[in-house]
């Protein structure tokens, strides 16, 4: 039977299908009765879901997040559709095609990954090349790298987003490195390829996008540096150790690529290469963020709504 | 007679030649006697100069800055060479080849300017093209544009520096614009060409580099916007007015290209094009600043000294 | 037929009258149906308005903001009155008396303008006087100057507010200038008269108060400096040019009158006159803001609610 | 015998006169020998003084600061005059006319104090009037109030400076209060009169200007509030208690008159009166600071040197 | 008759009992009708209360906050219980056991106070001891000190909270002072005992927790310093004056114990003792805040919700 | 022959002994001649050293820092002793007793280390205990841990300083953990023991104190986390893996122990244990810093000089 998409549900319908359940919370009414609030999602949107007369046991069974078969009835409440849920039964995520439930890059993942391999393959420094090959040859990791979002919400927040962001940063670097001949191109390319690799462990993206516990405690920057050293240890074990200076210079790019302490970088850029990776990262992220905000705005106003992270509205009337 | 370069003066020599005089200050000793302190410069360096037993009248005659024939004697004082000046006679700046006294870009100015004309010439929007042509056709302004430094000290602080910075920004933009097809290329190219044009009025660079009174009171950002409107008024007078939207969008790029209020931008970027010009400006400035700081450091230490504006030392040992 | 004021509409009434429509937004329900939310206003207050079963075409026709004949029915929803709109037909703003729809200064506009002319008329510096006369003689601009609000929401946010603020600043300056004889009175008076003149272009206030596109892209500070130079160009064309120093010193007052970079001033005060204008502006704005917040608070509490821009509650119990 | 002024001492002279000694420091050379560095001052300027071959005992005897009879010889060292001191004998400060040694307001102290009494005397609120009279009637305190500087260095840093600042603030308030009829004039006048009264305890100014220990530990803001409550306690003891609300509202003005937490105000303005006192204080301080910096600059440059607290140079060329 | 607890009220019940009324606000509907919104509380929770068809007179009679006999009917509105009130009659707070209505420390107040007396009793410095005894012997004040909350919401926000916080800080100090022998233990112990004593006047806690007018205008830091000086004046009156240095050093600890200007300290720590009190205060407050946030989180998530004042979520899964 | 200590060298002496050479810099006079400036140190102090007529080759041979036999002559220059060096010959650091040249903790290193072993030995959690034992059993690392300074200059900047700081933090934790029973003591103790372990790699301290290249690029926080994971990998290799949660929670304490992003922490505290380690670290560092600044001040002033990192002078007159 075909999936009933969120966008197709009309008020007053009986609902019985599999949806993605996000952020269930157990709350009590002022009377002390328990109920559960959650979001019911697929790739066409999300609705509020409510289980009245809930219990702690019911709450504990719910995926946080994950898939569930939802039985209930839709209604309009305060101008918004919601589903009053009678039964929510957990469904094994393995039986689900995640692409039906999560946003996905509109670029060709295979093509982008091939481009990345080619651009990173152009690194001439032998040790950096060995280290990068150790990453490229780690199939499990590369599998995650191809799917991982670039972030939770700000930019490239879709399946394949991390790859798309890394791919485009590599393209920018390849285009401008000839204009800055003093900058060590190998370090820039390796630094870009690796810079957010720790996000594959910081984020969970097999069902909904969320932070892992480990990701929240440690962060993707530190995770990336740990990955670099683990790969280097393995190479040393095989008799091809990486010089400390190479590891330190590359790790420095990762540790400083947010540019300022207040953005969570424990170091600030101290090499030309670290500055370049920081600027390309910021440029590509903002271009993605700004163009999406402009495209996603409904209506025909010349301005988007107020964008808090950018501290401005965006003007979108073109002169072309 | 050949010019005696600053770097060639030995202690105890009689000095009699033309030099650039900078920042003369009239001071009084604790006894109340007046003396004048100044810098005596040419392109090989600078020395302290002192006129003992000075008077207000002598001080007033001195150029601030400018050229003077300096007669005196060199001596070593506190480990530094200085010149005790007997007579300082003002010399007409027109008789001087400024290139002998001020640092100069090591790129070919004619070639860069040709490149700029070609890249700006690629603008397709008719009105933007007309406006840019009005700038490119203003010979007096373009003369200044080819000589003006990019700044007083941070980056591109040499004759031709503004042109070099603008030229390289245009090259970066040309290289990456194809990667961001939603961004209006014409606005980015015009915005880059024009973004610091007001520096030709903010700075004086015919003798030494300094701020003009007008430059300090108004600033190059506002001066650039005034220039745009003056050119547009002239075009309107000729029957080819520029749409307000074009002027506003271009002016917005200029007004926001420092990126944040605290860096003197009265507006922050609100268009994709303004963001792109801001990032390319910052990237090119930092690359110039960082690579020069690394190259200019004496000795063989792996690190430069502390760089206050960057809040770090710079690491300069290469892995290549 | 007499206008049915917003404050007079009871629940369940049939509504059919002209109102000011503000901030219409096209939204979709979670089901995908479109509806339009907006505010329906006159000078007695505002209500939510809703058009269910809306279309993009209907949304595009609505003024943003502007006047419309609203046909519908009032209802109470979530403790608030709202109007469910059946038909909204655009009405020509020219047929409307704007005073019936927008807040207005409680001072006498003609009297204030006369006072302003007299105080500015006291300027003795010939060039400043010519420049100010060029503004005072620009009837179209002075018409706007008499109506323009002083701002969108913080202080003097009413028709005639800019005039009232300018008038009171001139009165403060006239009262205290004799106490600071070193300060150049002419520059202070001219600076105050002109300081926010660009708001007449930054804001739209013929229907509701809003920012113009040009105002948001450029800002009133830059607009004011452009106005000064346009007037000076015209005077120069008539053979009475204004010295660059006069233009720069006056423009500097405008460019620095927010006092700090973070408040959007591209320059910070560098003359005694610029400091004085900045302080008088801030004082008069805060006095207006604070006394209105105290007066507008309902109930008899000794304290107003929390005032976010002031980071405090206000104490309003008097000792008198 | 006439005093030999600092400005009259020539190099190589034998010196034997009374001077103000400031900031003596006991230092050791890298060899371990002790010497004492200090400033030797009178109202015409200051010189470095050095006691070579010093001892802890000699250091302990020196006033910190205070008057001493200095015997030694002047010399020029590194372009500056200094005095090599053989003997420094403490002199009783009571035998000295302090006016010969410290800068003094150029206004008439008696006339200013009379004006202050008259303006404060205009307070109509009975309790505020009683409280102010308790201050005005405290002869010892008023003696200090007439002499105390307005600060250590920023503005009004001269004998009589606190009075001059208070007097001028009261004149500004008297001039503009009629323009803000909602503001309680009595509170503003009392608040201004009292606002920095604690400086009479925070600063020592009988010899040189310095902070008292108590002043540094507690600060003039808290000291002023303690004074207010001490006067109120005394009045209560005499059967004329002051209402808590009057004390709190007045104390609030004192506690918030620096305007922001970061400037040491433990409260920020929460009444119209507190805002007005804050603005008048800041305005009068800045006008004094700016006009003095402009006047004190030597030479004929259009700009003063960089003013760190103002984050700018000051432009001082007049258009008049 | 037994009190009907908030948590026991079911929808649709007739309500007639005494409750704590908080934050009544007089509002008008868009139609201009007045109504009153308020909170109805006891120690089991709170509900919204509404009086429709209200008048200014009814509003004025309501306690703000205080106890009232509430007659009305409960209903569910927007998923929340609320009470539609017919009559609200003020009840004398003296007839109420406040413990039934406000949260209370779970520690033994008598035992804690005894511990405090013993730890403060260990002070050896005679004058500090006398001063502390003056506080400990002030029965009325100590009564308030035993009940006062430690704050409005951040930490120790319960009856007895100030005592619990002070008691625990004294215990921490007693434990670590032996490890820092250079630190003057007497000053630290006295400073901790007294540091927030002014909260007994800043806060009202006989009914609900709220700020007093005086507390908001003056703040607990200044109030504490005033208390210290009042006690010292009284001791001086009895012939046992306290040295100014002792008062200043102790007051400095109070004035600087928030550690930074931006947190409302008019002084920052300048003694080892002031630093220690500041750190112990911050440590104990954060430990209380963090452990309560972790304990109070409903559900079994490893993380609490976002904690704005801490700028993070809290991880609460234990490894034990 | 006995070492000639720096403090014993008189002006005009012939010098020929081994000293620690720090921060040699190659400079050119304004004439273009090269000279070398450096510091000549032992534990009694330091002097300037100068090699006139230097060459790049001489500069390259000098240790940076390290030991050299210095032949030259002492002289007084600008009130300071300096040594004009004729010959500087590098000396093998292994032949030097470092204790003669660097400041050393005044506590008993063996006793402190024993205490640390005992306190860390009290950890009950099996996995944390295994991990800590892996550190304690690493003799080479523990050797460095016993010598490493706690920092370059702020606090505990002496041989053994890191151990002293860690030891005292463990003592503070042991004293106060019983007062906070909800806090997991094992994590706090392990977190403290490990928190700055990476400083053993960040700093070089075999000759003078300096940052290593790797330390400056990576920082001690990241180095510590890498160490933890290396030890855990080794344990996993031996069949006793550490749970990811234990590693993450411990690493989180390390990553957040500077408390705020701006102090270089890539994470901010999100557990009670992380908060406690952060506060104890800050408290112990400040107590060490403040008490040393107070003790090290020469003379008998009640105040130290201005302490820039603390933004205050320190008051050091005791009431005891």
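Lettered A, B, C, D, E and F in written order, each chain numbered from 1.
FYI, contacts are C-beta pairs under 8 Å (C-beta built on N, C-alpha and C of every residue); 3 or more make two chains touch, one makes a residue touch a chain.
This is a predicted model, so every value here is computed, not measured.
Under the touch criterion given at the top, what is the topological distance in steps from chain B to chain F?
Steps on the shortest route: 1.
Can you name the chains that touch chain D as well as chain E?
Chains that touch both chain D and chain E, as defined above, are C, F.
Report the chain whose CA-based centre is farthest from the CA-based centre of chain C.
F
So the centre of each chain is just the mean of its C-alpha atoms; given that, what is the distance between chain A and chain D in Å?
Chain A and chain D have C-alpha centres separated by 60 Å.
Based only on mean CA positions, could you tell me how far chain A sits from chain C in angstrom?
Spacing between the chain centres: roughly 43 Å.
In angstrom, rounded to a whole number, how far apart do the mean CA points of chain B and chain C lie?
It comes to 40 Å between the two C-alpha centres.
Using the touch definition from the top, which residues of chain A touch two or more other chains?
Where chain A meets two or more other chains at a single residue, that happens at 78, 213, 216-217, 245, 249, 252, 270, 313, 315, 317.
Thinking of each chain as a vertex joined to the chains it touches, would you call that graph a line, ring, star, complete, or other?
Other.
Give every touching pair of chains, nothing left out.
Between chains, contact exists in these pairs: A-B, A-C, A-E, A-F, B-C, B-D, B-F, C-D, C-E, D-E, D-F, E-F.
Which of the residues in chain B come into contact with chain F in the complex?
So the residues of chain B touching chain F come out as 6-11, 45-47, 76, 78-81, 298-303, 313, 315, 317.
With touch defined as at the start, can you tell me which chain E residues reach chain C in the complex?
25-32, 59-60, 64, 78, 213, 216-217
Enumerate the contact residues on chain A facing chain B in the complex.
It comes out as residues 125, 127-128, 168, 171-172, 175-176, 179-180, 182-184, 186-187, 243, 245-246, 249, 252, 268-272, 275-276, 279-280, 282-283, 286-287, 290-291, 294-295, 310-320.
Can you name the residues of chain A that touch chain F in the complex?
213-214, 216-219, 221-222, 225-226, 229-230, 233, 244-245, 248-249, 251-252, 255, 261-267, 270
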